[in-house]
Structures are given as structure tokens and as C-alpha cells.
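Down below are the structures I want you to see.
Both complexes below contain chain A, partnered by chain B and then by chain C.
Our next item is the complex of A and B:
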């Protein structure tokens, strides 16, 4: 095996991890964008989406139908959580809301344990087939699915928030809740929709990356942490930033493992985060928002 | 206006799980109480479940056969939540409040080490089941699990037979990986094996092909990875992806139905060191453990409708060892009971034939282990 094939394999390894981080980061950003809230339950929607799909496919449902149903189920759960648990305390401080999302995360994880048990589950890749060989390195076809799904998700998000009245109204709510409500926009509806979006995309992320990993009730933790780092590097509210940062994170990790040592991977990643936070606190793609009017 | 999001969250979850779970008692005479610390929740809960079932079946078998010295055996069970703190608390409670004759449990070196520490301080015999390496000072602790060394020396014995000389290590980052690496390097010369390279990986990683690519460049004939569960399965999957047709040895913690499900579809040859209970039908009729293993498996299958495994058998052995010591000494005195445990000789259990002594508190030999691999989605005996 040549030196080159090893270097390419490092890249593919990074692409694989990065595709996982990026999609989770997008689901975190979408909730943040509309409600200025970091939802710590996002990792659980990731798990619920993936495990629902595992259950549905094992019941004999065709893959595409199971896929759509799982997204819908998770979206409904997300909306219900917002309606029942978040809305009553919507006027509390950000701190309270964040603690609430942590509580929701633990509750959902507990429920997942009851529904799916402790064992790990396998979700079959979306398309059967051998790994792709490029210059002696290999890549799982599922990674291409994840990249494709990420592109579609980005387009749908862009279209919704830039081109539809409802999307623009939701952005307005995030910018200025009072102003938006004075313009006749229902802030309650906007918050509900943001949760539905977030949980739907979280579930989508889980389903897309599950065939690369193994899924159990507590599998949401690692993606949540890495997704959060990607989100911070990308600039909290930037969806494109989250995607770029997610892949960057995966690739930096893989080359650190490959060229230096796997024991330094975390150190390098957090150093990257610290550097970004010091020199560009708004993140790589974040708008500078410190101007005073 | 400057908006800034500050995130300062402290999550402190304290679950106090109290209330002992007592098994039903049938006889009227005062029972022998055995303290049982087991990870029923937390990350080791998959293991705890097997341990609990194994212990309960064995206690039932003993009580059905008339108990020990005409007295029933009773378990006092506590959940250690997979944490050493809870294990310490429960061990203290078992000794000071529940008045148990001995303690057994629990998973992992760290948590069972905590139990051992309490037991020795209070001078009460403990039979633990983990990779915990006993020190000379811990005169009251026995560890009836196969010593961690066996899980590495046993596959190396097989490699020597098969002419495999170049082995690469792929170890998890953390104490377990350090342990595995140290043992592998210690035993390699004995079996004429060269360690051609070593890589580390994060057990939570989504992909380990980067490490595998580095190792592949060194042309190993096998890879040894001292890891359990999902990360072990991920290694197998990534090796298959890269077309690496060499055996992968993982730790003896993998002989579970759950792990089997994870790697059943993967073409990589996965080798799992385990106990004879995992291949009952291949045991020779004159195998000293065959009778014990078969009887236990039958009772287990009847009660839970699933086959017994390495961990349930191991826990049953702990119950049997304590019961045997009680039978011999007829006393609840901790020192006498400890001495009786130390004097157990040629005692057949699921993990092999135990020969305890004051210097050997583990009792089994390398040959008591077997190697499993997976054929047609089922465990199969390799060696």
C-alpha cells in the first residue's frame, strides 16, 4: 500500500466523521437561529429518528416509507415537547430554558431506553453495495448519501427561510420577538415550528448516519458534543458555517490521528475551538453583531 | 446592543437507589446472606443483567437441592449504577447493615476494585468478577473472572500454532488500552510474536479507518484490540470496508448476544476469547466442567428462555464458590470463610476448574479459556 493511499484514507476517514458532525450541527443551528436557544435534547431526536427507522424497517416497511415516517414521528414529538414543556416557560431566562432542554434530553433518553432497550441496533445502509475504492483508499457509500442529504437539507432550509413568508416570519421572531408580534406574526407558532424543524432535522441526521455507527438509547451524546463544537466554530447561527466546520472538524481529527497521534485528536480539536473563540468569537461564518446603533 | 450567549450549565444528577431486592426464601432456617453488587443501570447495565440472572439461577439451584448445610442462600442485591462511588456505598451498607457473610460483584476493574477495597478494610471475603488485578494486600478478595492476561495470552497461543508472527495492536485510548498494550507486549516474546506497530483510537469515534490505514502499511498478520461492544464492532466493520483479510482479536467482554448481532453481517474474522460455557456442544464428555456447565445452562434456559453465557456462568461460579466455602467451613466467621475459599481445589465451574491457594485468588488457567469466532451468524469454536 502506497503512502498516497494512506493519506487518501485519512481524508475519507475525516469525511466520514465530518459528515456525521455537520448534519447534527445543522439541526442544532436551526433551533438556535429561530429561538436563540441551544437545545440539548437534539442528540435524543437523533437517536429517536434512527431507532424509529430501525423499528419500522424491521417490521418490513420499505426504506423510503420508513424514512419519511420516522422524520414525521420525530417532528411531531419535537412539536409536542415545545407545546407542552417549553411554551409554559417561554418567558423565563435563557438559562432556565437551557436547563429545561437538558431535562427534556434526559427524559427522552429514558423513554428511548424503555422503548428500545439497552442493546445496540443496526440500521442497514440506504443502498447496498461495495465500498468505493479511490487510489487504494475506501469510502462507504453511505457517506455519499449523508453528503447528498446534507445538500438537500441545506437547500430546503434556505428555500424555507429565504423564500417563504412563513420562513421569513420565523426569522423575524428570532431577530425581535416584540416587533414581530406587533407585525401580526404569531411568536408561539414560530417557536413551535422551530422545534418541529429542529427535531425533524435531528432525526434525519440520526437516520442518515446510523448505518455508519451503532445506535442505542444513549448514542446521542457523542454527536451532540461534536455537533456543538462544530456549531460554535461555525458561528452559532450560520448553517453553512456549521456544515463547513463539521467537515473541517472531522478532517482535522483524521489527519491528527493519521499524522500525529490519536491521543492528540481531542487536544487539537479543542485548541482549534479556543483559537476560533479568541480571534473570531462570532465563529468562522458568524456575523459581527457588536455594533451599537 | 451586544447579545451574547453564555452557556453555563451544571447538571448534577444524583440517583439514590435504595432498597434491597431480596430473593424469595423457601426454607424456614435463617439464610446465608450473600451481598451482591451489580451494575443494573449505567453503561455496564448490559453486563449487570447477565450477572444478576446468572446469580439468581445458581441460588435457585442450590436452594432447590436443599441449600447449604441445610440453610438456604439469599442474595442481597444492590445496583452500583456502574459507578465506583455507589459500589463503595453499597459494599459498606452490605457489611454494616445487612450483615452478609460475603460480597460478590461487579463489572470492570474500577468498580470492583472499589468493592475489594471496602471488603478488605472490613475484613469480609469478596469474590469479584472483572479485570481487576489483585494486590498482595487484598487478602480477603478473590477474583473468579479469567485473569485479563489470559484474554491476550490465549489468542497468542493460537497464533503461535497457526504461524502468525506479526501482530499489530489497536487499543482504545484510556486505562483499558494501556492495560491491553502492556499485557500484549509482556506475553508476545513467550509466543514468538513481534508487535509490528500500535495505534490508539477513541471508543466514541465514528470511523477508525485512519488508524487502520497506518497499521496496514506495516503488514500485520493479525490485529489485537482490547475493546468491547460497539467500538469493537466498528473496528471489524471498518476492516471489512478496507478489505483487510486478517483476524481481529477483541476482548473477552464480547461473548454476548448483543455483540454477535452487531458483527454477524461483517465478513471480518473476529476472535473473542471466552469460557467453555459458550461452546457446550463441542465439549468432550470427559471435560471436567461439562456436567456443571450443562446443568446450569439448562436451568438458565428454563428460567429465562435464552441461553446462558460467559457472564451469567461466571457469576454462577461466584455463588458456587462462596457456597462451597460455607459448606466446608460451616462457619460465618469471615477469616474462616476466607481460608476455606483459599483451600478450594479441583472445583469445577463454568469458567473452568478452580484451584485456589493463598497466592492464587483467581484459580483458573490459560487453557480454561476458549476462542470463539462467528460462523453463519452464530458463535463457533475456533480453538
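Our next item is the complex of A and C:
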């Protein structure tokens, strides 16, 4: 492989993981914007979506049907979690809410272990086809699916939050809870919907990337943390920022693994996170807003 | 109830001293279980100082557990240091790391702090995996010797049990003394309202860093004790999941009470002994316990005991 093709190869792997990080970051942002909560269980939906699809396809369901059903199932689980577990302690301290989402993550991961066991599962690619060759680098067709799904999801999110009454109402809750509730918007319903969106998008990310990974019950932690990194670099409450930061993170990570050190790539990424949190708490693209006390 | 009566201390001491010859039957296995319990009590109590009293959330406490364990392991295995020296070196390094990162890290709040501490935990674990020549990497560090002091080796599990529990008592007693001191009351003040504490002229950042250093050094002590007991160290034991496990102990027992987290550690570490045929359910059970505690019993096990004791007392005096 030539120099150039190696660099292109790293770029492709960066795009792949970047799409995943961007989707998860967006799912975190939607929940955060509407209900001011960062869900530490977001990675579990990534796993549940992917493994549900593995099970459904292995039962002989056609790919498109399994795809839609897996997203729906994850969305319903997300909404139920919000309704049953988050709402009762909604007015508790942030510390308790953080611990609650950690508890939910343990419970969901534990359930996934019981359903799917400890072994790794692999999903068949969405479409058959030989890898493409671009500038000497290999491109799996699944990568095109991942990027395509990301683009479609982002468009749907944009459409929902900008062009539908429900979406605009949810944005109103994000801007001003009291004001929104005075206008007759149910903030509870908005929080529920935001969880449904968040878990659905998290599941989509997992399903899209599952054919390239060995997915097991515990695979959710790292994507969640990377999604959070992208979210904080993007400025916590900005969907556009989260997307840009997600791709940036994926590409930086891919080149770090390829060119600097594969062993210490995560060390470097986590150090970057701490540096961003400390010096640029409003994100690299965020306005210089003062930190909330 | 904050001060445990003298009678309870005596009962507790008697139990600890008499456990190996009676319930433990002098067996290495049964002492071993209690060694684990003791190590986790130290971890839970040390996190309680930081989270329960100073109100600083940490999802990365296992970072210091790891530093203690690996400093002890590396110094004794690769450099032939005496375990006692290695233990002290581990505590010194943990304290130094906590001191160095404490100020900027603890200036963060809530989600930022949770994620930053989680990142710190991951940095330590990825370093352990990456620095293979030093730590043995993912395949682990073998042949860590038993703990010893000049003239005596704790290679018998019953002897080691007594050493670990002496440390447990030391950590619990010193933590209780710490939280009842003016220092501890200042931490509580910072926890309840940092801005108000500042207007009283309290240097909040300095206090938070100090309690972080304490907390880290105790966790490091637990790590060293763990290393010499296990004889083998692998990065899996020190990941974020371990940190979360300690968090569950804290909330299960009753955060901010020192005794509570200790109780939580006992409960959570003994539970698998009774449910070992349901090992796969452990993760789910941890999650469910945590959820139940958060929704229905915010005071944890210690809170329940406390209210029972108060009811009994009220009936007795009434």
C-alpha cells in the first residue's frame, strides 16, 4: 500500500467511527436539550438495537423489517425507562439523576447479558457486495450504509425539530421550561419524546456499525463515552456542533491509531476530553457562555 | 446515631477478632472472602469522603485503586522492593496524582465532573494496558509476593485477614474523626452551598483537593492490599465498572454516613457467595438494587437501620 492509500484508509475508518460518534452525540444532545439530563445508559441502546437486529434476522425476518422493528423496540424501551424510572425522581439532585442513569445502564446491560449471553454476535452486512477500492484503499459497502443512515437521520431530526409543531414545541421546552408549560406544552411529554428519540438514534448507530464489529452485551460503554466527548466538544446543546465534533473525533482518533500509537490512542483521546472540559467547557464551537453554577 | 455507641464498637471488634476461629473455621477461603470485603470497605469509605461529604461525584475511583495495586505489584515484582515500602510509595503516588489533577478537575461540576473522573479512570487503565513492559499489559502482572514486614510474612490468609481488618478499622476510625473535625464540617458546608461557603471566606478549591488526596490515598491502600492478596493483577479489575460497583455500595449503604458505605460493601461483596449459581444475574441485580435505593430508600441500608433504632428507642422511652 502506498503512503496515500494508507492515509485514505485511515480516513475511511475515521468516517466510520465518526458517524457512530456523531449519532450517539446527537442522541445525547436531544435528551440533554429537552430534559437537561445526560444519560449514561445511552450506550446500552446502541447494544440493544444491534443485538435485537441480530436476533430478528437470525429468526429469518427480512433485513428491512428487522431494521424497523429493532429501532421501534429500542425506542419503546427508552420511552418506558423515562416514564417508569426517570420521571419519579425528576426533581432530585443532579448527582442522584446521574447515578440513576448509571443504574439504568447496569440494569439494561445486565438484561442484555441474560438475553444474549457473553458471546460476541455479528450482524450480516445490509447489502451483499464486494469492497470498493478508492485510491488504493478498501471501502466496505457497509460504510456507505453507515454514512447514508447518518445523513438521513440528521435530516429527519432537522425536519422534526424545525418543521413540525411537535418538534418546535419540544424545542420550546429546551429554551424555557416554564414558558413552554405556560403555553400549554407538556414538558413531561417532551421529556418522554426526547428519550424515545435518543434511544432510537442510539440503536440506529449500533445497528449500522454492527456488521463491522463484534457486538456483545458490554460493548456500549466506549461508544457512550466517545459520544459524550463529541457532545462536550460540540458545546453540549448543539446538534450541529455534536455532528462536526463526532466526525472530528473519529478522524483524529483514526489518524492517532494509524500514525502515532494504537495502544495509546484512547489515552490521548481521554486526555483531550479532560483538557476540553477544563479549558473550554462550552465546547470548541460553543459561544463563550459562562458556566452554570 | 452518628456516633456509634461504645458497646457497638466492642461487638464489632469482637466479631472481627473472633471471625476466623469461629465462623471462618480458620479456613483460607472464608478468610479470603472477608479480606475482599475489607478491601472494598476501604474503597467505599474513601469514596464516601469525597462524594458523601464533599459532594464531588466520581465515576473513576478505581483509578487510585489501580495505582496502589500496580505500584505495589511493579515495585515488589520487578524491583524487589519490600511490600511496605511499595505500599507507601503507592499511596504517595496516588496522593500526588490526586493533588496534581484535583484543582482543575474538581472545579468541574456534575456531568462534567462525572465524565472527567471517568476519563481519568480510563486513562489509567489504557496506560496499564499500553505500558506492557512495565505492567504486563492486558495479560496481567504475575507473582506478586505476599505482604511482609521485616521479620514476618503474611502468607497465611488468616494472618493477612487480621492485617487487612486492622487497616479497615484504621480507615473507618480516621474517616469518622475526619468528618467530625472542623475540616469535615467545612466539607459539608461546601457540599450544601459552595457559594455561601465562599462568602464565609472558605477556600473551597483547597478543601476539595485535600479531601480528594485523602480519598485517593485510602483507595491506593486498598489497591496495595488487593495486589498482595491476589498475587496477580489484570487491568479488568480496575475499570469503570469497578468504580461504578463502589458507587452502588455507597448508595446501597447510605451515602454520607461512613458506616453506610461500609455496610453496602459488606452486603454487595457477600451477596455473590449466596447467589453464585446466578452469577449472570449479578449485573442486573446491581442495577435493580441501585434503582430501588434511589427511588424508595434514599437513606440506604444505614438509613433503614437508623429509623428502626429510633423507633425502638422512642418506644422504650415512651
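Operating definition for what follows: the second predicted complex is superposed on the first by the 270 of 293 C-alpha atoms of A that agree within 3 Å, B and C clash if a C-alpha of one lies under 4 Å from a C-alpha of the other, contacts with A are read in each partner's own complex, and residues count from 1 in each chain.
Rule of thumb we're sticking to: contacts are C-beta pairs under 8 Å (C-beta built on N, C-alpha and C of every residue); 3 or more make two chains touch, one makes a residue touch a chain.
Keep in mind that what you see is a predicted model, and the values were worked out from it rather than measured.
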Query raised in the report: Which of the two partners, first being chain B and second being chain C, lies in contact with A:45: first, second, both, or neither?
Result: neither
Requested in this report: May I ask you to decide whether A:266 touches chain B, chain C, both, or neither, giving the answer as first, second, both or neither?
Outcome: both
Requested in this report: Pick one for A:111: touches chain B only (first), chain C only (second), both, or neither.
Outcome: second
Query raised in the report: Is A:195 contacted by the first partner chain B, the second partner chain C, both or neither?
Result: neither
Report task. Classify the contacts of A:278 with the two partner chains as first (chain B alone), second (chain C alone), both, or neither. Result -> second
Query raised in the report: When the two structures are overlaid on chain A, which partner does A:100 contact: first (chain B), second (chain C), both, or neither?
Result: second
Query raised in the report: So, A:247: does it touch chain B (first), chain C (second), both, or neither?
Result: neither
Query raised in the report: Is A:88 contacted by the first partner chain B, the second partner chain C, both or neither?
Result: second
Report task. Mind working out whether A:6 is in touch with chain B, chain C, both or neither, as first, second, both or neither? Result -> first
Query raised in the report: Which parts of chain A are touched by chain B and by chain C alike?
Result: 38, 40, 94-95, 98-99, 102, 106, 261, 263, 266, 292-293
Query raised in the report: Okay, in this complex, where on chain B does chain A touch?
Result: 1-3, 5, 7-9, 11, 13, 43, 45-46, 49, 173, 199-202, 204-214, 216-217, 229-230, 233-234, 241-243, 258, 261-262, 265
Query - chain A-facing residues of chain C, complex - result: 51, 55, 57, 59, 101, 104-105, 107-112, 114-116, 118-120, 122-123, 126-127, 129-130, 132, 194-195, 240, 244, 247-248, 251, 280-288, 290-291, 294-295, 298
Requested in this report: Please give the residue numbers of chain A that touch chain B in the complex, ascending.
Outcome: 1, 3, 5-6, 9-10, 12-14, 16-17, 20, 36, 38, 40, 94-95, 98-99, 102, 106, 118-120, 122, 131, 137-138, 140, 209, 212-214, 216, 218, 222, 236, 254-255, 257-258, 261-263, 265-266, 289-290, 292-293
Report task. Report the residues of chain A in contact with chain C in the complex, numbered from low to high. Result -> 38, 40, 85, 88-89, 92, 94-96, 98-100, 102-111, 113-114, 221, 225, 228, 232, 261, 263-264, 266-267, 270-271, 273-274, 277-278, 281, 291-293
